[in-house]
Every structure is written in C-alpha cells, then in structure tokens.
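The first chain written gets the first letter, and so on, giving A, B, C and D; residue counts start at 1 in each chain.
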C-alpha cells in the first residue's frame, strides 16, 4: 500500500514542501560539468526532444523557451545555457501524469547554445539550439 | 511579503493547462546598483505545484530565470472546480503559496 | 490659436517642463540655434532659399583635418558606430568618449543584424564609390554636418555640435571606405 | 548587458541580403508572439486593483471614489477618454496626473509625495505603475475617444503639435526624428509614425506596457521621459503640461483604436 502510494507520487505527511536545491549543479560553468552534477555520466543527442524558442531574441533578459520530450518515461527536463556565467538555468521534475512539456523564460548574457537535458528511465538525452541575442533600442 | 501569483488553470481536453506568473526580482547577484555596489542574489529556488494532494510539477531554478517568472505546463487527472496549488521559496527563505480553481475548457 | 501664438505658448510650456533636471542642459535646449529654429518652423521642409542658406552656413562650419588625413581606423569606427553612449542626463562619465550610435539608423557592417532603417543602408558604401580623396571629404563632411548637403536632415551634426571629435569622424570615414572594412567585403 | 558581434554567419548562409532582413524581422515577431501568452503586466494590474481599493494616505481613504472623467467611482472605460479637461482642476489631465489629483484630494497626500516614485527601479516598486496598469486594463477592448472639444483640450493639441516638431539639443532631435515616417526602425525596433492613425491607433493604445528590457510596467509619462532622454534633453518633469500636451496630440491620431493596455514590449 505504501509502495503503491509512493509509486503514484502521493505526498506523504511532512514531505509536501521538503525542498532541495542542487547547489553544486547550479554553480557549474560548463555543459559537461552540469550534466555530471545532475548525476549523468554521459548524454545522447535525441531528435525526440523539441526546443521551441525564437532564433533571435530581441532582449536577452527575457527569452521564451518551451521544451517538449517525446522520450518515454521522461523524469526530468533541465535547461542549460552554455555561455551564461552559470550554465544550469532550471531543472523540472515531471511526475507520471504530467506532460513532458514545460515553458519558461530565461536570461541570456549573450548569443549562445541552449541545451535541453532530459532524464528518462535513468538515462540522459539532450538537444541543443542556438539563440542569437541582439541589441535593441538605441544602445548604451 | 511578495505579491500574489497570477495563476490560470483550465481544461484542455482531458488535461489541465496551467499558466503562472510570479512576482519576483530574480536578482542574479552579478548586477551592480547605481553606486556600483553588487546587488546580492535574490531568486526563487524551488517551485512546487500540487493537485489533490499530489505533486504535479516541481522545479529547481537558478538565477537565470527571468524577472517576474512565467511557467506553463499540463497534467492529467484534474477536473473543473478542483484546486491547483503553487508554492515557491527563494534563497532568502521567503515563500509564497497561491491556489486557483480549475475552470472548464 | 494662430500658429505663431501656438508657437509662443509651446515655447513657454517647453521651458516649464524641465525645471527639476540639469539646469545647464535645460538652458541649452531652451534656446534653439538658427538651423533648429528654421527646421522646426518649416517642419523639416524649408523653402528653397532658406534651405540653400542653411546648407551654405553649415558647409562653411565644417573643419576638415589640418593634417589632411581623413581615413582613420575602421575597427575604431565600428566601435563608435555601435556605441550609443553620451550626452544623455544619465551619462556622467566625462572621460568616456561619446558614441555615434550609427547602427541605430543605418545598416553598415553585414555582421550586425540589429540595425535601424531611418537612414539609408551604408553596406558596401566604399566598394561602390571608391576610396579617393573626394569621397573621403564627402563622408567626413556628411558626418561632421549632414545639413551642409541636406538642409533639415534628421541626421545629427556630429562635428558641428561637438558630439564626435575630428579623430572619431576619421574612424567612421574608414569604416565606410577602407577596403579592409567589413562594410566593403 | 554583454554583447557580441555575430560572426557574419547570416550573410554567409543566406543567399541574399533582403532575405536576411526579412528573416530577422520574422524571428523577432515570433519572439514577441511567444512572450504574449503571459504578460507580467497582469501582476501589476492585480497589485494596482488592490492599491486602488485599499484605504491609504493621511485621510485613510481608498481611490474608489476617484473621478477619472466619467464621474466619481467609474473606472470602467475611463482610460479610453483620457486625456481630457477637468473642471475641478481647470486643466487637461492624463491618466497619471489625474491619479495624482485623486491621491491628493481623496487620500490627503501632498502632491510631491504622490509624485515621488512614478518610475520604479529594481527593488523599489512604483505604486503608479501598478495603479496605471489597473485603470488602463479596465478599458481593454474599448475604443479610444479622447474628447478634444473643450478649448483647453484644443489648445493642448496645438501646443503638443508644436512640441512634436521642435528640434533641440546636441543631436538636433525632435519627436519627428523617429516618429515621422512609416515603416522605419531603430535597431530592430519598429517605430510608429504617430501622425498616421493606422500606426497611432495600434501603438498609443498599448501603453502602459510591460517592458521586458526593464522588467517592469512603464507608463506613458515614462515613455515621454525616456524619449526626451534619448533626445539628449534634460529630465522631463513628471506630469508637466508639455508631456500632457504631447499625449493629447498623439491621442487625436490614435482615437478610434482599441485599448489593449497594458501591452508587452521590448
């Protein structure tokens, strides 16, 4: 019964807001190091991960990104920005019953590749996309 | 205290579509103020979304999520009239919880 | 209100609109120079005789480099063309040189995709026109005082109004004319 | 923000220059569409409504009895008929100057306190940005119909028109430098020709707006302040007669456009 409840993702008393934040992963400064800190030893490029984002962002402070994974048993979706001071931007945990799909907005310091890293059935997969960050307005 | 979130949750077929805006500075810790002093990092670290006692999404965020964060996702198993609850906690321990009733499609 | 009455009222309202900021800056914008006043009055379409008078007076104001050297360093020119810094009330750093902000209005080097279209494209400017002394003189003069050739042009009079130095303008001349500049590749 | 030149990639990959420009424009358009599904201005609207209805100030009164031109207490549709002449103050007022009036008369704030923080900075939120967002949003979908009938409204239009064309400062700029022609842009930002009803109706009606480059809602007063900053003029006084005259001038061309404020912009 307990095992079943856990498998179904039911929350046990006292656990509801037990927060953890992977400090080591958020302090990494390269895609390889982030992957390691997230617990992966390697990652396979996958065409089943779709990144929807503009090719050009008018402003790096707000860059909309949608990631959708077609990989069965997707458990987490992470967003990495290669040229940012800290590579890891976000890591979403996707329980069963929730679509392996998430939209958010990130800051980009400069034109860079962004990586979507998916953990599915314990294995790591990724896709990448370049987003150009332009200077808008009259400049400074 | 932080301003309330703006949450929209509505049915899309058999799934609940959730969109949320949060009011937060999301300071990187790298920005300098007008006097040249570094503004300390201040950002949401954890987000948890629950429905009927079950976590339907949880996230860890770093400093590069945009100011006034936005998030959109979908989950199965919700019905109109039921509640979706979203909580966040930031690196200074400030937190905020808001809920919304799922509307029909 | 007749037009001249409206103008007088507007001038007063204008003076009353800048009472909290920098007084020196306010004093400068309150008084228009002759060119600004005429272009305002005719909404940038002055009658022929006034246009000719503006072009004459402005052409006479251009100070070409005493050395005769008008072709500077295109790399510096690119930096100046990108930079929009200077002369705003939040720009207190008097040591930092002003920028030209050229990309705000012009396409210049093809590598820069974020460019404005208020002014004409300057891409391949030198490739199409050569790099001889006559064209150097033309470009120097255009940047120094655009109204020497086109009365009431929207382009700032960068040299005439002391926004850019003589040396900075020679770098912009190089950006447009130097065969090695990305503009002409 | 650090900024890097692109390595000539576009020119190398794309067959012709015209196409490159078109593609850039298309991608920027897509960028804006992707942002449109969640406008952070919603957060400001909500905070503004809360502020509007909360008793505050020396008189501990809410702003609910504020007369925005359609009678005391009417917020719905009021923004669509601003700026306008108000007999009680005997002047033409825009949204922000009228909110200031209500803060002074209803809530008992000193005018200088009511106008102390109209433009937010990081860590220093502005009540005005929230209040303006709320009131503007209450006119969503309503067509702009600034009156322009009262002699003072007509006078304001004429003053605004003069100011619109007035060139000054070290760059010889006027409003027309950027807003006098159709289809132009600064960098990648398209510029409305503000004397063309098509452009004016589409743009004027989207202020106040959340500006992603500034991470906050900016009001029409800030838009003008920011324009004069770029024009190398000194800091424009908040809610000055000149600023309101320019708004009346723009409103004439924007009349008939549907209010879609607060908008979302670069």
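Convention: contacts are C-beta pairs under 8 Å (C-beta built on N, C-alpha and C of every residue); 3 or more make two chains touch, one makes a residue touch a chain.
In this text the structure is predicted, and so the values were computed from the model without any measurement.
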With chain D removed from consideration, the chain sets that still hold together: one piece
Between A-D and C-D, the pair joined by more C-beta contacts: C-D
For chain C paired with chain D, centre-to-centre distance based on mean C-alpha positions, whole Å: 28
Computed distance of Cα centres, chain D from chain A, in Å: 36
Cα-centroid distance, chain B relative to chain C, in whole angstrom: 48
Rounded Å distance between chain A and chain B, as computed from the means of their C-alpha atoms: 16
Multi-partner residues of chain D (each touching 2 or more other chains): 6, 24, 37, 186-188, 212, 215, 230
Set of chain B residues in contact with two or more other chains: 66-67, 70, 72
Multi-partner residues of chain C (each touching 2 or more other chains): 103-104, 113-114
All touching chain pairs, where touch follows the definition stated at the start: A-B, A-C, A-D, B-D, C-D
Chain B-touching residues of chain D, taken from the complex the two chains share: 37-40, 42-43, 46-47, 122-123, 212, 215
Residues on chain B engaged by chain D in the complex (per definition of touch): 3-4, 6, 19, 21-23, 25, 27, 31, 33, 39, 66-68, 70, 72
Contact footprint of chain A on chain B as seen in their complex: 15, 26, 28, 30, 45-46, 48, 50, 53-67, 69-77, 87, 89
Complex contacts: residues of chain D adjacent to chain C: 5-8, 10-11, 17, 20, 24, 155, 158-159, 161-163, 165-174, 176-178, 180-181, 183-188, 191, 229-230, 232-237, 240-243, 245
Contacting residues of chain C [partner chain D, same complex]: 1, 6-7, 9-11, 13-14, 16-23, 25-26, 28-30, 32, 35-36, 39-40, 43-44, 87-90, 103-105, 110-118, 123, 154, 156-157, 161-163, 182
